[in-house]
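Input: structures, listed below.
Next come two complexes built around subunit A: one with subunit B, the other with subunit C.
The block that comes next holds the complex of A and B.
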């Protein structure tokens, strides 16, 4: 299991990436679990990176695939709890233009409301 | 080429399960060599991203059991070299350009090709007369809404090219060795 998740009212889902290393070994399973959340009715997925100490391009690719899957289905993905180092990597490849990134869960919920 | 101050050769198993250990060994050596490491944390982060991508690229594409990572400190430069005896680089088709495979033909020497692109970036390879490629990223000015469908899902070379001072590929045809080389100007490290 890559995502530990908890369903809230109104299609809100709080999901946490479990492994410390978000890499090629778990990228495929992550993509499957993320798209399954959308299939199961999630509308706003708040994805916490609090456990993640490093991320590679394969996992980033799965994240983009997940967003591409979610958006046409009227769902969205919000990223929270990114270590500064990981946030810097998102900025480097301009993924901060693609994803909505918030400091923590509460800030993401506020933005959704 | 400057004076080599120190050099360490690592031979790593091309296995995703051991990638983290390989990464930490390489970073430990770099930390030992850098006298003012605490100020250089953002630089170490960049090296971490690059080494991860170089090693992951080896696992995915080289098709051989081992790769070599050379870490070289010269006067004012750090060089990371990933070497393997695997399949030579193959750049996939993009728009109307056919795939490009090393050793490259004369028609590509001295040319600048677009490796891939999306609404945010174009990844270029400038191929010199010897057939060596130098990769660089062109950021696309785009303040409007993004066409999400067109956003790339492949970031490996973009990460390496943007985080490195320079990022090149050389194919040693005689020995059939792939050499990816990233260089960094240590004077620019904060």
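The block that comes next holds the complex of A and C.
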């Protein structure tokens, strides 16, 4: 299991990436679990990176594929609790223009409302 | 012998004394030892961390070793992990049953621990040798098909010095690609790309992306002034239309060098910002492109930046494998530290040779975690 998740009312899902290293070993499973959340009716997925100390390009690719899967199904993904260097990486490769990134869960919920 | 990454072992053993003895011996022999007291615990562990080899007891409560092996064989992520049984039985029927489940070996408890370690080392060594052989064969086949993603050497230009360094992750042909496409005596394109994925999968998709890049550059050359922004937009559109590349993403830095004017036109798609060293002012500037990864959105917009290089000025392009390292066992992406590190070598005599030598040391086998590539461009001091 890569995502530990909790369902809230109105299609809101709070999901936390479990491993510290988000890498090629767990990218495929992560993609399956993320798309399954969308298939099960999630509309706003708040994805916490609080455990993640490193993300590689394979995992980043799965994250983008997850977003591309979610958008036509009227679902959205919000990223929260990013360590500074991971947030920097998102900025450096312009992924901050692709994902909605918030400081924490509460801020993401506020933005959704 | 096998590399450290392959020497991550999962030991599944419900006897604490046996587990402790194995753990001490394995760690003494450079194995990273994941420990599970049951098959259920092992399965939970493997959901977040994949070992290089599994050593599993046969006699365990609830799920025994054979049942555990059968569960693994049904899972695409786990079925190919080398598997060795450890058991107190030496019954031929059980041995055969285990080997029929594609277990690589069958070790009887009571075997001296150094012998167990030696057997595991031999298994990993044989697999590594076999893997290297397969890589070599595949490489030759790919070269025969002209599917070459890293050139043998950089092209020679009259006004620019071009060089590159590339180290694939664990010697697999991987996701990075480099190309120098000389159009005529005036124009030359420099391409550095990285497919978002690893090993074979990335290597396979390299072919698709690089084919589109090469073809678009060649078509653009016909009857018009080269224009990097239009080229990258076209490549992105082509990638979007290709069903085989759906959900495959790629970063690219694309530069056009104009020998006549010393100008460099730069565009990028989700690439790391490039480094520009100004020789006269001895300053370093970080230049960011605006484009998103190729394959991400059909209507992505891309920019084009004009850089004018004077003699001695340098540009450095690199992929994330150059910036990501493992420090004290912890993997980190640290672009800023890499740029700080790089600055010491910019503007020195033999800048590129210095960087290349230092990179080899920096990314020794234990520290490298992805394909690493660096492309170096310097305006020559021609009279």
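We take it that the second predicted complex is superposed on the first by the 113 of 113 C-alpha atoms of A that agree within 3 Å, B and C clash if a C-alpha of one lies under 4 Å from a C-alpha of the other, contacts with A are read in each partner's own complex, and residues count from 1 in each chain.
Throughout what follows, a residue touches a chain if its C-beta (ideal position, glycine included) is under 8 Å from a C-beta of that chain, and two chains touch if they have at least 3 such contacts.
Nothing here was measured: the structure is a model prediction, and the numbers come from that model.
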Joint occupancy of subunit A by subunit B and subunit C, clash or fit: clash
Partner chain in contact with A:58 - subunit B first, subunit C second, else both or neither: both
Partner chain(s) touched by A:19 [first = subunit B, second = subunit C, both, neither]: second
First (subunit B), second (subunit C), both or neither touched by A:96: neither
Touched partner set for A:107, first subunit B, second subunit C, both or neither: neither
Per-residue contact with subunit A, leading partner among subunit C and subunit B: C
Partner chain(s) touched by A:85 [first = subunit B, second = subunit C, both, neither]: both
Partner chain in contact with A:2 - subunit B first, subunit C second, else both or neither: second
Partner chain in contact with A:71 - subunit B first, subunit C second, else both or neither: first
Steric overlap of subunit C with subunit B in the superposed model, located at which of 92-100, 146-154 or 218-226: 146-154
Residues of subunit A that lie at the interface with subunit B and also at the interface with subunit C: 21, 23-25, 54, 56-58, 60-61, 64-65, 68, 85, 88-89, 92-94, 97-98
Subunit B-touching residues of subunit A, taken from the complex the two chains share: 21, 23-25, 54, 56-58, 60-62, 64-65, 67-68, 71, 85, 88-89, 92-94, 97-98
Partner subunit C, residues of subunit A touching it in the complex: 1-2, 18-19, 21, 23-26, 28-29, 53-58, 60-61, 64-65, 68, 85-86, 88-89, 92-95, 97-98
Of all residues in subunit C, those that touch subunit A in their complex: 44, 47-50, 77, 175, 194, 196-199, 247-249, 251, 270-273, 288, 290-293, 296, 320, 324, 330-336, 369-370
Contact footprint of subunit A on subunit B as seen in their complex: 16-17, 19-20, 42, 45, 48-49, 52-53, 56, 59-60, 120-121, 139, 142, 146, 148-149, 151-156, 158-159, 162-163
